[in-house]
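The structures considered in this document are given below.
Okay, so chain A shows up in both of these, paired with chain B first and chain C after.
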Partner chain A sequence: MDQLLQALVNGLLLGGFYGVMVLGFSVIWGVMGVINLAHGEFVMIGAYFAWVLNRSLGIDPFLSLIVIMPVMFFVGWLLQRVLINRIVERPHLIALLVTFGLSIALANLFKLFFTADPRTVPVSYNGSFELAGLTFPIVKTIVFGLSLVVMLALHIFLQYTRLGKSIRAAAQNKEAARIVGVEVGRVYAITFGICIALTAAAGAMVSTTIPVFPFMGPPFTLKAFTITALGGLGRIPGALLGGIILGVVETLVAIMVPGVGTNLGIATSFVLLVVILIVRPQGLLKGLRPMEVT
Partner chain B sequence: MVQQQPLLEGRNVTKYFGGLAAVHHVDFAVYPGEIVGLVGPNGSGKTTLFNCLSRILPINEGEIYFKGKNITHAKPYQVAHMGLARTFQVIRVYRKMTVLQNMLISRQWRGEGILKMLRPSSKATHERARQLLDFLLLGHLMHEPAGHLSGGQRRLLEIGMALMPDPDIILLDEATSGINPTLIETIKDRIRQLNRQEGKTFLLIEHNIDFISDLCSRVYVLDFGEKLAEGTPEEIKNNPAVIEAYFGAE
Partner chain C sequence: MRTRRLETIFSSRNTFIGWIILLILLALYPQVTELSGIRLLQLTQIFIFITLASNWNLIGGMTGYVDFGHAVFFGVGAFVMGILVTQVQNYIVFAPGLSFWQALPIAGLAAMLFALLIGLPTLRLKGPYFSIAMLGTFVAMREIVRVLKDFTGGGRGLDLPPVLNRERDYYFMLVWMGLVLIAIWWIHRSEFGQSLMAIREDEVGAEMRGINTTKHKIIAFMLAAFSTGIIGGFWAFQNTYIDPDVVFIEQRTVEMVMASMLGGLGTVWGPPLGALILYVLQDVVWSRVPEGHLVVLGVLLIIIVLFVPEGILGTFKNPSSTSLGRLLRGYREEQPRPETVATE
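Now for the complex of A and B:
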């Protein structure tokens, strides 16, 4: 029983991270209709960014978010203007091909600069604490807490700011938004910038718990599909719920089928995705229907 | 009428879909303070012309002028900022947002910087939204999700959204379609008030001839993408070519 409870806690903590990791993927898909197959590579870039700042300047990976998020917002904004803008509102296949190419290019570019050697981002507080007989790893608990803060901030941004409302309007009805004066092209660029900043932030956070290497991205992209199918396009509570479901299922499977290795997580994710698409092709919680950003 | 510069003018406007001319060499002009009707059988190119005017669709030939400026290659948000608003044949409101939020969306973006856009809507914007909702008899529904409104109420909301940025001209695409007679009278009354009291100009696509006759000073008739006739509602009603287009030759 204790083992089961501990697995649930671990799954919950992992799910919080998944929730923030998937947001960028989910919102870009929901608002712009672009399925970003390079999503995982932006997690990787965020992780490398944290590693570089930690190694060269000794900056704590969580503190480095203050630098990483604005820089990656600009990178995303620029990328949207230069490349992604050309594939928005075009057939999905074009977006898939372009972002797939981008993912390969980014991974290999980072391999060229950083080699394929795994890197670790050490933190001094890498222990754990006990609460109600359960063990909470400090780093993973911080990641979970920060993920909730980021999700709450995004929710407030989308609900209460004029820019956030413009993003929601563009997501729901682009033509109507254009006709009332919303600069949808600009909204797309800002949305992409925000999403890349969020994704890179997730990468910086996860760099404290797993090795960083150029080809770490694809599993995150694959999991993002599953979580989006579970939680819905652009839905923040859905992202958290979908992340937690995947995190808990992965953790439970890992303790029930011991000794299979970390790849079981990816397999679990895919089995879950296939089951969802067979049982509820529209996804759980309105998963793959057109979005209403909340 | 004293001839002045048209508020909205199309010269030789032509739009092809493949080899089909949906709008073909259409000339028209709408003057400030007018209510002008645009009628024609289904598939005659009325909505395509609206889409060209509001810059949702690019045109293949011709030029479009708004307030004397050539907007042939302008973007939809640019003509919206200049003061051209429109509604759609199929109502487009944000169904999950409240009625008030729908109204506020229509005044979100005026080319401001990102930091300014992080602020909530101003009190003045809220106040304008409330006044317009009261004017359109939707004030009591402002906190309801737009998806909960009836078709007629959603139509009124869409008109309200078009009015939010205080446009100079409003293009209404079948504003009475699927609406009960009481609400049609409300819409008619509000259009008349906005025209007489605030000088708003309207271009209306309509199938409801009584609606057109009651409101419009001039009417254009399209058929197969071409301008078939123009004149007062009475002239149009008695035009043999128009009668033939609607009912066929005897």
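Now for the complex of A and C:
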């Protein structure tokens, strides 16, 4: 029972991180209709960014978010202007192929610069504390807390600010948004920038708990896809809920299948994905745009 | 009428005859001249490239279901081969490990059966969802193979009995490539192939016309998987060593996608042409920068998709359909793209 409860806690902590990791993917898909297969690579870039800052300047990975997010916002903005803008209104397939190419190029570019050796980002407060008989690893708890803050901030931004409202307007009906004076191109670029910044931030946070290497990306892309299918496109509460479901299922599989550990994380995620897509093709929750799977 | 002439030169029949002549020349090649082992190996690799690209084209090009995890069938074929050749005697007493020829069809059939199991749920999904589901299948299978240590040797992998016979490898792949190309050529002309292309153009419309789309898609998928599984099994035997990381590599899928896109998606002779160009590029140009060649490959894929989506053959056949063709032919006006109509 204790073990089960502990697994639930671990799954919950993991799920919070998944929630923030998936935001960028989910919002880009929801707003622009682009499935970004290079999503995991931006997690990887964020993680390397934190590693570099930590190694060269000794900056704490959580503190380095202040630097990483603005820089990656600009990177995302530029990328949207140069590349993604050309594929937004084309068929899904074009976007998939282009972002697939991007993911291969980015992963191997980083292998070129940083070699394939796994890196770790050390933090001084690497311990755990007990609460009500359950163990909470400090780093993972910080990641969870920060994730919640980020999600809340994005939610408020999308719901209540003028820019957030134009982003949602562009997602719901591009033509109508144009008519009422939303500059859709600009809104797309800003959205992409925000999403890349968030994704990189997730990468920087996760660099404290898992090894960082150039090919760490694809599992994140796949998990992001599963969570988005669970939580609906572009919905932040949905992202959190989907993330927690996946996190809990993954941890439960890890304790129930002996001798496997977390090695079946992707397989679990994949089975979950196929089941959702077949049982509920429109996604578990309603998103910014319908999924139209079959 | 430059276009008309190009079209006649690249007509299906002419290209078919050209390929048959090329195949016969290739069959005679090692007999006429003394070839070094490395040259035979290179040619065998080109055949593998071409066949894999053609297999992928059957589902990704003709049917329009872009498969981002097709290398999974290569991996299944390779591991079934490895297990049958090295592991069977551990489980069935008195049964010696199977030979190459006994195990190879089983490897192909296993990949085909796996395609049936995976295809039944995933081929019901729309294109993009299918693509991601296949990417998931690929990554998940790599994990599963790593976890099933008892059968697959886990991360340590399997050692197959080394049988070095480059000339046999060469002829096997030549024959298999020939068979696959002829089969694809035939499928392309047959009612079955036309149905596949109807599915690609308009799946609902195809269904309305009485085409059993699910059945067609699954058969195409299984055929592609069978051939890829055979090549996986062959590769395992040729390489004499397999582990999850050398068999399940993304690069293999990327190469299949790239070759098909480069040559012309959904055409019969485009993928072989693309595979040939890709191999030469990899061998001649990128071997000088071995570290960065996948970066170049990724960027090239983006460029092709954006500017030459119809591939080389498509550009020849209809120059106005791609940016490159328009540039070469001096077209000025932007052709309206039918797919840009907003779907919301």
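We adopt the following convention: the second predicted complex is superposed on the first by the 283 of 294 C-alpha atoms of A that agree within 3 Å, B and C clash if a C-alpha of one lies under 4 Å from a C-alpha of the other, contacts with A are read in each partner's own complex, and residues count from 1 in each chain.
In this section, contacts are C-beta pairs under 8 Å (C-beta built on N, C-alpha and C of every residue); 3 or more make two chains touch, one makes a residue touch a chain.
Bear in mind that the values here come from a model prediction, so they are computed numbers and not experimental data.
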item	value
First (chain B), second (chain C), both or neither touched by A:105	second
Partner chain(s) touched by A:130 [first = chain B, second = chain C, both, neither]	neither
Most chain A residues touched (candidates chain B, chain C)	C
Partner chain in contact with A:190 - chain B first, chain C second, else both or neither	first
Touched partner set for A:175, first chain B, second chain C, both or neither	both
Partner chain in contact with A:163 - chain B first, chain C second, else both or neither	first
Common interface residues of chain A - those touching chain B in one complex and chain C in the other	173, 175, 292, 294
Footprint of chain B on chain A - complex, ascending	157, 160-163, 165-166, 168-169, 172-173, 175-184, 186-187, 190, 292, 294
Contacting residues of chain B [partner chain A, same complex]	54, 56, 75-77, 80-81, 85-86, 88, 92-97, 101, 104-111, 114, 117-121, 161-162, 164-165
For the chain C and chain A complex, residues of the former touching the latter	64, 66, 68, 121-122, 124-129, 131-133, 135-137, 139-140, 143-144, 146-147, 250-251, 254, 257, 261, 291-292, 294-295, 297-302, 305-306, 309, 337, 339-340, 342, 344
Chain A residues touching chain C - in the complex, by the definition given at the top	35, 37, 83, 86-87, 89-94, 96-98, 100-109, 111-112, 173-175, 218-219, 221-222, 225, 260, 263-267, 269-271, 273-274, 277-278, 281, 289, 291-294
